[in-house]
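Each in structure tokens, the structures are laid out below.
One chain, subunit A, links the two complexes that follow: it is found with subunit B in the first and with subunit C in the second.
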Partner chain A sequence: MINFIQSILYGLTIGGILYIISIGLSLTFGAMGIVNFAHGLIYAVGAYALYSVATLLGANFLVGALAAVAVSIPLAYLIERFIIRRLYGQSIDYAIIATYAVLLIGADALKWFFGASPLPISDPVGELWYFGGLQMPAFRVIIIALSVLVFLGLSLFFKKTLVGKIVVAGLQDREAVRSLGIKVERYFAIVFVIGSALAALGGVLYAPLSTLDPYMGFEIIILCFAVVIVGGMGNLRGTAIAAFTLGMVHSLTAAYLVSSAADAMVYVVMAVVLIFRPIDAPA
Partner chain B sequence: MFSKVEKYPALTLALIAVSFLIFGYSTSLPKITDFIIFCIFVIGFDLLYGHMGQLSFGHMLYLGAGAYGCGMFAYHVYPDPFLSLLVGVLVGAGLAAILGLVVVKTSHAAFALLNLALNEVGAYLVLSPLHTWTGGEDGLSLFFKSYGFINFSDRTFRFYFCLAALLLVVLLVVRLVRSPYGILLKSIKENETRVKFLGYNTYMYKYVTFIISGAIVGFSGALTSLNLAYCNTSLMAPSRNVEVIFAALMGGAGSVLGAVVGGTAFMTISNYLASYIVRWEMFLGVALLAFAFWFRKGIWGYARKL
Partner chain C sequence: MLLSVDNLDVRYGHAQVLHDVSMHLNQGELVCVVGRNGAGKTTLLKTIGGFMKPAAGSVNFQGKRIDGQPLEQVALSGLKYVYQDKRVFGELTVRENIELAAYPSHESLDQAIAKVVAIHPKMQKLLDAKAKGLSGGERQILLIGRALIGDPKLLLIDEPTEGLAAIIIGEIINILAAMKSKITMVVVEQNLATVSRLADRVYVMKEGVFSREITDPEIIANPAAYEDEL
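Right, the complex of A and B next:
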């Protein structure tokens, strides 16, 4: 029983990280109809920025996290301006190819600067919390709390602020919003940058649980696509539910079946969902 | 001038055969054999991407299925090269027939990503749960029976056999693309809804095309096993999907000759230039961006107009 609760809690951590990374992907997908592989690059860059600041320069973990988010914003802007913006209204295949190319270039650049071997980052809190017989690294509890905070913050953002409302309206009917004289694409660009900053945060949170390697973006991005497809593209609440469900699938498979089967199981769930609810990307 | 070549299948076949013979004898036969097999892979992939308009990001799965189908049959059952090849093709087609039931129902983004996800699952299955039969990380070393001059350990024989296989595939696909079936396929690419209005069951056409593509790609996988005399997980690696996409784009999607040109060009770059290009993935990325943004017609798309 203790083991089961433990796996559930671990599933919540993975779900929380998946949610934080997937939200940007889901918005780009829903709003612009673009499959953005470059999102995985920003996640990896976030983790490496943390490594450079916190491990190489010896600064505080929080400073490293801030640096990661700070680096991701101009990078996201560049990707939006020079890659994504060219792909509006084009065949989605070119979007897949072009953003995958960006991911390839970025991964190779990371390999160039940091080497190909995996780099470790130690747990910044380094404390275990005990609840009865249950033990849980405090850092994982923080991850769960942060993901809930992000969810609440984004809900407020999309309900209360003007930018958020315009984006939600644009997701429903882009032409109608544009006919009101609002430049929807500009607001999508803002959301794109916010989503990317969250991806970098996801990289920061995931790095201490695993190791860094230049190809880490490739691994996570497919999991996140599974989240987006299961949750519905551009569906904010659906993304959250899908992220936590798939996080649970991931952690329970690892605990009770075979640990190496966890990723594969997530894809199987995605395939099953697609059987019963076929979807098309927005045109 | 080159556009005339496409009009006559005999001319197309002759051009391909002569170029590969010159290419093979002026460089090295084993290397060009790899080129030829890769071209078959690109043709199978492009049947979906160029002709039907659906980008699969996981076609390494069918290459691996063909390679392992052929390899495992030769290793565990009977090392006859032709039976093994046949098994490879059947495994590729059979897997496409099963997975196609789900995959073909999706389109565009979901199609690409579902294929990629299934490729990941396949690579995992081969590596870990099935390792007693697939040899896991080490793969399988293969031996094939020989009958007189039909000897797959002979380099020259392998070259001619693969060249003949390529010509056969080109002939089949050129025929297919020009038939009423192929024209319907093109119409589905342009506007599926309208084709549906005309009363055609577009799902069936897409499903059959998916199986044909799986069979061709499985065939190229089986040939790879036969040619290398081993099969391992690199033949199913999801990270290598970008190679075939790049080749199809570079050659010019939607044309059989374009696929052959693209396959050859990609293999030339990766075999002869890769040692001079220090940052290989960066080069690949930049070239992909260039083709996706500025040169969408590909090499053959420009060359045919000469």
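Right, the complex of A and C next:
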């Protein structure tokens, strides 16, 4: 039983990271109709920025994390301004090709700078916390708490701020928002940058649990698309539920079935949802 | 002249929907466009409102050409559109729907709410309700009220009574009648009884062209005189 609960908690960790990364992807998909593979690059850049500042320059983890988020903002702005904005209203095929190209170019650039070998980042807390018979790395508990904070923060942002309300309205009916005289794309761009900063944060949080490699963005982006598809494009609550559920599926599969099948099981769940969700169900 | 539409051709792909349509609108008028489903009424309204670009012809509003301008720009120039399908922002409250309309016009939220409540006091009680829970009539009142925020010069209203109960239709007609002296309107409407109560002039549209313009108040007041032409 303890092992099971522990697996659930590990699943919440993965789910939390998936949520933090996926939310930007979901909003870009839902609001702008853009399939943004470049999101995976921002995630990888976040992890490598952390490595550069915390490991190569010797600063502490928190400074590295802040640097990662700070680096992601101008990068996201450039991607939105010069690539994504040109894809509004275009065929989804163009978005896939253009953003996948950005991911490929970025991954090769990371390989050029940092090499192809996997790079480790140590657990910044390095402690185990005990809850009854359970033991849990403190860093994983922090990840779960942080993902809950991000969820609450975003919920407040979308409920209480004008920018958030414009985006919520735009997710439902972009044309109607424009017909009020609001340039809705500007607000989508703000949300794009916020979502990208969160992707970089996801890279920061995942780096100590795994190793860095230049192509890490490719793996995560497919998992995140599964989250977005299960949770619904642009559906904030659905994305959170899907991320934590798929995180637990991932963790339980690794613990009780075959470790190497954990990713595959996520796609099986996605396929089942697609098969049984009514065609006219809200996204 | 507030609005001038000249020789408008509009296409959906290869299908031409409007053929050489021209109309004009003077300040303070309420003009109704009538016609059967598919005649091109909504297409005309959407083209004037900046939702669609014409293949040929022009739309001039307050002396400036607006066809081809971005939708936001057309709205900010003082031309607001009330949707046929009662498209409110369902996930937002009524108050938030009003807040969004007030934002680009730099009108205070209190002023904007007062405008919506002024057209129907019932809206005061619904301010904190999610818009998706409103009835069809309440949605229509919200949409009309929302369009009045920012003091537009022209309202384009598409089928305001469609799908509403008879008692609500009466309320909507009363609201539009009360607005008549304050704002210029183009109303697309199939219900000729509504048209006869509201219109200063009527354009009859058939298969993408205006087949008749009716200016005589006595004829407008007697729908039987032109219902066969639809």
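Annotations for the structure displayed:
FYI, the second predicted complex is superposed on the first by the 277 of 283 C-alpha atoms of A that agree within 3 Å, B and C clash if a C-alpha of one lies under 4 Å from a C-alpha of the other, contacts with A are read in each partner's own complex, and residues count from 1 in each chain.
Keep in mind that, in the parts below, a contact is a pair of C-beta atoms (placed from the backbone, for glycine too) under 8 Å apart; a residue touches a chain by one contact, two chains touch by 3 or more.
Remember, it's a predicted structure, so these values are computed and weren't measured experimentally.
With subunit A as the common reference, subunit B sits beside subunit C without any clash. Applying the stated contact rule after C-alpha superposition, one finds that A:V168 touches subunit C and leaves subunit B untouched. In the superposed three-chain model, the partner touching more residues of subunit A is B, compared with the other of subunit B and subunit C.
Judged by the touch definition given at the top, the superposed model places A:L180 against subunit C, while subunit B stays out of reach. For the superposed model, the angle subtended at the Cα centre of subunit A by subunit B and subunit C works out to 90 degrees in steps of 10. Between subunit B and subunit C in the chain A overlay, the least Cα distance found is 11 Å.
Common to the subunit B and subunit C contact sets on subunit A is no residue at all. On the subunit C side of its complex with subunit A, the touching residues are 49-51, 70-72, 75-76, 80-81, 83, 87, 89-92, 96-97, 99-101, 103-105, 146, 150. On subunit A, the positions that touch subunit C within their shared complex are 162, 165-166, 168-169, 172-173, 175-183.
Residue ranges of subunit B in contact with subunit A, taken from their complex: 49, 55, 57, 102, 105-110, 112-114, 116-118, 120-121, 124-125, 128-129, 239, 242, 245, 249, 279-282, 284-286, 288-289, 291-293, 296. On the subunit A side of its complex with subunit B, the touching residues are 29, 33, 35, 83, 86, 92-94, 96-98, 100-105, 107-109, 111-112, 215, 218, 222, 225-226, 229, 233, 258, 260-261, 263-264, 267-268, 270-271, 274-275, 278-281.
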